[in-house]
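You will see chain A twice below: alongside chain B first, and alongside chain C after that.
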Partner chain A sequence: MDPGLLAQHVFNGLMLGVIYALVAVGFTLFFGVMDVIKFSHGDVVMLGAFTALAVAAGLTGMGVTSHPLMLLGMLVVALGLMAVVGALLARLLVLPLRGAPAINVLLITLMAGTVIREGVRLFYPQGSNPKPFPRLLPGGTVEIGSFTLRHDSAILFVIGVAAIVGVHLTLARTRLGLAIRAVAQDPETASAMGIPFTATVLATFAIGSALAALAGVVNGLYYSEISFNLGLLLGAIGFSAAVVGGLGNVYGAILGGFLFAALQTIGAVALPFASAYKDVFAFAAVIVLMALRPAGLLAERSAERV
Partner chain B sequence: MIAPVWPALVALLVSTAGVLGLLLAEQQWAVIAIVIAAGVAMLMATRMGWDDRIRRSGGTHARTVSGVAVALVIGMTFVLREHNFALLMLCTVLLTIVAGLGLTIQFGHAGVVNFAGAAFFGIGAYAAAVLANKTALPHPLVILAGGACAALIGSVLVLPLLRTRGHYAALITIAFGILFKTFLEVNDALGGPQGLKVPGFVLFGHAFNDPIAIDDETEWSFYLAYAGLSLVIAAAAYVLVRRLERSWIGLAFDAVRLDETAAAAFGVNVAAWKIAAFSIGNFLIGLAGAAYAMMTGFVAPTSFTFGDSLILVSIVILGGLGNALGLVPAALIVVLLPEKLQVIQEYRFLLFALLVIVILLVRPGGLLPRPMRDYSAGESR
Partner chain C sequence: MKSASLSVALIIALAGLPVQAKDTVRIAFIGPLTGGVSANGLGGRNSADLAVRLRNADAKTPYTYELVVLDDECKPNVGVQVATKAAADNGIVAGVTHYCSTVAMAAVEVYRKFGLPVVVWGAVLPDITYASDYKEVHRVNGTMINQNEAAARFMTGLKFKRWAVIHDTTDYGKGHNKYFSEDLAKSGGQILGTFGVTADQQDFSAELTKIKELKPEVIYFAGLTPIGVRIRSQMDKLGVKAVFQGTSGIVSDAFIEGLGPLAEGVVAFREGAPAEKLPGGRVFLDAYTKQKYPDDPEAYGPFAFAATTLVMDAIDKVGPDRKKVRAELNRTRDYDSIVGKITFDDHRQNAVPLITKFVVQDGKWLVWEDSDYASGKRALVKK
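Take a look at the complex of A and B:
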């Protein structure tokens, strides 16, 4: 294959990988502190994107035309609001079901996701149609041979990677990160050591949901279009990535996100059948991977796993 | 003291009347009134301890009560003989119950999660479409083959499912469900997004799609024949699941679900029982899918999405995980209500999701939680 084209596919794959990793990190953080899967996560991604879209419309209505300013406003509102939504979901649906079968938590958050999805479809103006997402990033390109690098994609990639590094630093270096890791390891002991359990859980859900909002905005800016049902597939992909990486392990989720994107890219360009089969290939590969490494690629603890 | 038979019979009669009313109601206020009445009756039954008396009476006189239940459903189809839509709804509810029975064996009894219910339903449906179009196989065998195909294709997932559990196992089935639907959409041989037409069911030369002419003026709905077919399948599946549950096989399933290590220590072959439960469950789901495809005459990938799998799972949890009887009210709520409540048509998924959330919060065991095993009661087994 032509090296330029190859580089193009690799970059597209990396870009997808960043979005997936942002979603997967949320799944794995929630699993870490509560041992639950919050399946409304994909729909929080979607809600974040729609919040940003609403903010953009509002700012345009108020006469703001500066793109960086609009972007800043969108990010602040979407991330902040989704952090609150995430914490609320945890407070109202996940914490009350502590001790109930895991399947109940999975189902109740799935239903919460349905409520969010249907809410956007019904109550956002013309919510059932795909919406154009404003192109707020500079649109130029850099051409190196047959490899075309769009400026906006490069910026999005950097933003995504920065967010992932930020999460890593938060977990590894801050007091909050220490509290999250302690609660993830052993909630009882952490409580005994004076770490507030509920507050830590809520903070974790807030961080994870803010990341979801960021993923939603990045996704919107990258594809220039969002729709109310983008959360279902993105949620399933994020969940797959988190599980393949090993639930509870942040680095596993990041690895899983990039791996899933790689599988999709390989399925689309490198395999003999039509590119429409890329998701079939990627999910089949996930099933095979789970059969080979039932505890995920980077399994740490051995609670639920085999 | 032997529990009297009448509480169960009264409960059956009242619920049949309610369902019949719901099926026939044309005014929105009537539908809403019936729904409210059902909710109040449910609450009263719990508060006043009637539910316990009904359960004991039903357990003691199992045969009589089941016989009456079947007779009542037959009576109901007869009342509805000229109402196409109501009969279609009734058949859909019955076949949904069959699929729910499959899921009940899988994760109600043996604890094997399956978030790809709609995919296995779809496998049965597509298998029926292909076999009925391309082969001369008699149609009852086509439906059985639909179930067999679902069980067979499901066996691909057996190895990864045996090696994982909990959320990891859930992911495998979710991935399979999404994979299956995407595959159907991009595959030309199976009709792609447009799907396939399915010929109607033919039994001993009688085409089920022909209306049943009684005399020159009266014609009974052709769905009457399908209602009979659905009822036979549903009754057989129900008996199978109840028998399995009560037998030593059911005990083995329960042991596997509750504690794999302990079960293995007592000599229960965990892997074998998980495979058995998964395959029997998929067989039932595929069976329901095949019958449904032949009834509606059409299969398309959009009917077998991840969302549809979730609806099946919520039926099983709403009814009370592991309780086959609970599937009946749950399937009625999930299948019938959105169709009848045209007022909420647009908002039905929203309200339905909220309803499930509320039930999970206030009644985590479901509408009819699975009762303890009781071998003492029963006139005969």
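Take a look at the complex of A and C:
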């Protein structure tokens, strides 16, 4: 294959991987502290993207034309609001069910996701239609042979990687990170040591949901289009990535995200059947991996959860 | 004057004057009211609703009509459920049903089994009427056979030679792919590669990168608006420079809204004329506007309106009896409607000879002949 095209495929896959990893990290953080699967996560991604879109429309209405300013406003509001939404979901739906069977949390968040999704569809103006997402990043391209690298795609890639590194540093180097790790490891002992359990859980859900909002905005800027049901498949993929990487392990989720993107790209490019089967291929490969390593690629070690 | 009487009827309806008590007859409307193609379903629903309102406002009609609206979500399993719900309800005399071909294919069996006469208002797969011979199933809009024949002839006429095909893997996309590929071979065009994609796919970068390698002049897309928007937008991201040619599934305002300036120069084909050029199009659009529906009628609204009117005319004539209504609908010949004359062939398919070519110019679907592209002021391929 032409090296330019190969580079194109690799970059396409990496870009997908960043988005998947951002979503997967949320799943794994929530599982780490609460041992729950929060299935509304994909819809929080979507809600974050729509929040950013609404902010963009509002700022345009107020006469703001500066793209960096708009982008900053969108990110601040979308990430901030989704952090609040995530904390609220945790406070209202997840924490009260502590001690109930895990399936209850799974169901209640699944339903919350449906409420969010249908709410956006019904209450956002013309919410059923695909929405154009403003192009706020410089749109120039670098052409190297048949490899087209757009400036905006490159910037988005850097933003995504920076966010992932940020999460790593937060967990590894800050007091909050230490608290999250402690709660993930053993909530009772952590409480006994004076770590506020509820506050730590809420902070974890806020961080995970802000990442989801970032994934939504990156998704919107990358595809220039969002729709109310974008969280469905993204949620399923993010969850699979987190599971295959090892639920509870942040690095596993990141690895899982990139792995899933690679599988999809290989499924579409290198295999002899119609590209429609790429998701079939990727999910089938995930099933095989699960059978081989039931605890995930980077299994959660009891001493180091999250 | 028909238009005058319609306007009068409308004024009466809006004034809310009481009408004398008449028997109520229920007819079903089924279409996708939620999900990715709901814009088309809501446009169809409103158009059917408009037909019923106009009829009910007319003091001369023997019945009061009630439209039972059901949502098939463009999903075959849901479609069969709601079709069964409508067909099993003996109070429902007839139906105006389906925008999505996959759903219509699954539901025709239900109508057959329960003997509910229906008129399809938007689905274009030929098999809906032609694969079986069910006396219950009629269709006012044309099929994708005519559409693709015209598309292949027109595009090769513009001197395009090399195509890449992206189709969704539903009956709709596969059908279009089949007919277009056959017709294109006859017209001398060449297909370099065919890519089946799922109907809710988000990322097309892998397929489009492969297409970029093939260097086609035109990308033929057989699918519906949501992924059409994504593919066109991602073509731009990956630097794929080809004309984007769609099917009737993307002729919607939502397609342009979703793409903004990138929609410019997209071509697509649909059977029948655009609403404002239809024989009764002006009257329809005026009446529609007066009702202040929140959504546009979209491309197939006029067909839904015509189908509903056709059904009500049949019931007015023979009474609310499924068998009699079916026989009356079967007999339809040279029936005047806002989409032109309706005549059903031996498979109860309306022959819609006219195929309209559309191109997006300055954020609007224009009829090709009225566009700057036809007059040579703009070119599909930028030199």
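Note that the second predicted complex is superposed on the first by the 300 of 306 C-alpha atoms of A that agree within 3 Å, B and C clash if a C-alpha of one lies under 4 Å from a C-alpha of the other, contacts with A are read in each partner's own complex, and residues count from 1 in each chain.
As a convention for this text, a residue touches a chain if its C-beta (ideal position, glycine included) is under 8 Å from a C-beta of that chain, and two chains touch if they have at least 3 such contacts.
Being a predicted model, the structure only gives us computed values, none of them experimental.
In this superposed model built on chain A, chain B and chain C take up the same space, so to speak, and clash. When both complexes are overlaid on chain A, the residue A:S146 reaches chain C alone and has no touch with chain B.
Contact with chain B, but none with chain C, is seen for A:I37 once the two complexes are overlaid on the shared chain.
In the superposition on chain A, A:V76 makes contact with neither chain B nor chain C. Contacts of A:S128 after superposition: chain C is touched, whereas chain B is not reached. When the two complexes are overlaid on their common chain A, residue A:A276 makes contact with chain B and with chain C alike. In the superposition on chain A, A:L110 contacts chain B only, with no contact to chain C. When the two structures are aligned on the shared chain, A:T265 is found in touch with chain C, with no touch to chain B. Of the two partner chains placed by superposition, only chain B is touched by A:L97; chain C is not. In the overlay built on the shared chain, the residue A:N12 is in contact with chain C alone; chain B does not reach it.
Among 7-15, 43-51, 61-69 or 187-195, the region of chain B with C-alpha atoms clashing against chain C is 187-195.
In the superposition on chain A, the residues of chain A contacted by chain B and by chain C overlap at 118, 232-233, 274, 276, 279. Only residues 34-36, 38-39, 42, 169, 195-198, 200-203, 205-207, 209-210, 212-213, 225-226, 229-230, 233-234, 236-239, 254, 257-260, 262, 295 of chain C touch chain A when the two sit together in their complex. On chain A, the positions that touch chain B within their shared complex are 31, 37, 93, 96-97, 100-104, 106-108, 110-112, 114-115, 118-119, 122, 232-233, 236, 239-240, 243, 247, 274, 276-277, 279-280, 283-284, 286-288, 290-291, 294-296, 304-306. Touching chain A in their complex are the following residues of chain B: 107, 113, 157, 159-160, 163-168, 170-172, 174-176, 178-179, 182-183, 185-186, 306-307, 310, 313-314, 317, 321, 346-347, 349-350, 352-354, 356-357, 360-361, 364. Within the complex, the chain A residues that touch chain C are 2, 5, 8-9, 12, 15-16, 118, 121, 126, 128-132, 141, 143, 146, 148, 150, 153, 222-225, 227, 229-230, 232-234, 264-265, 268-269, 274-276, 278-279.
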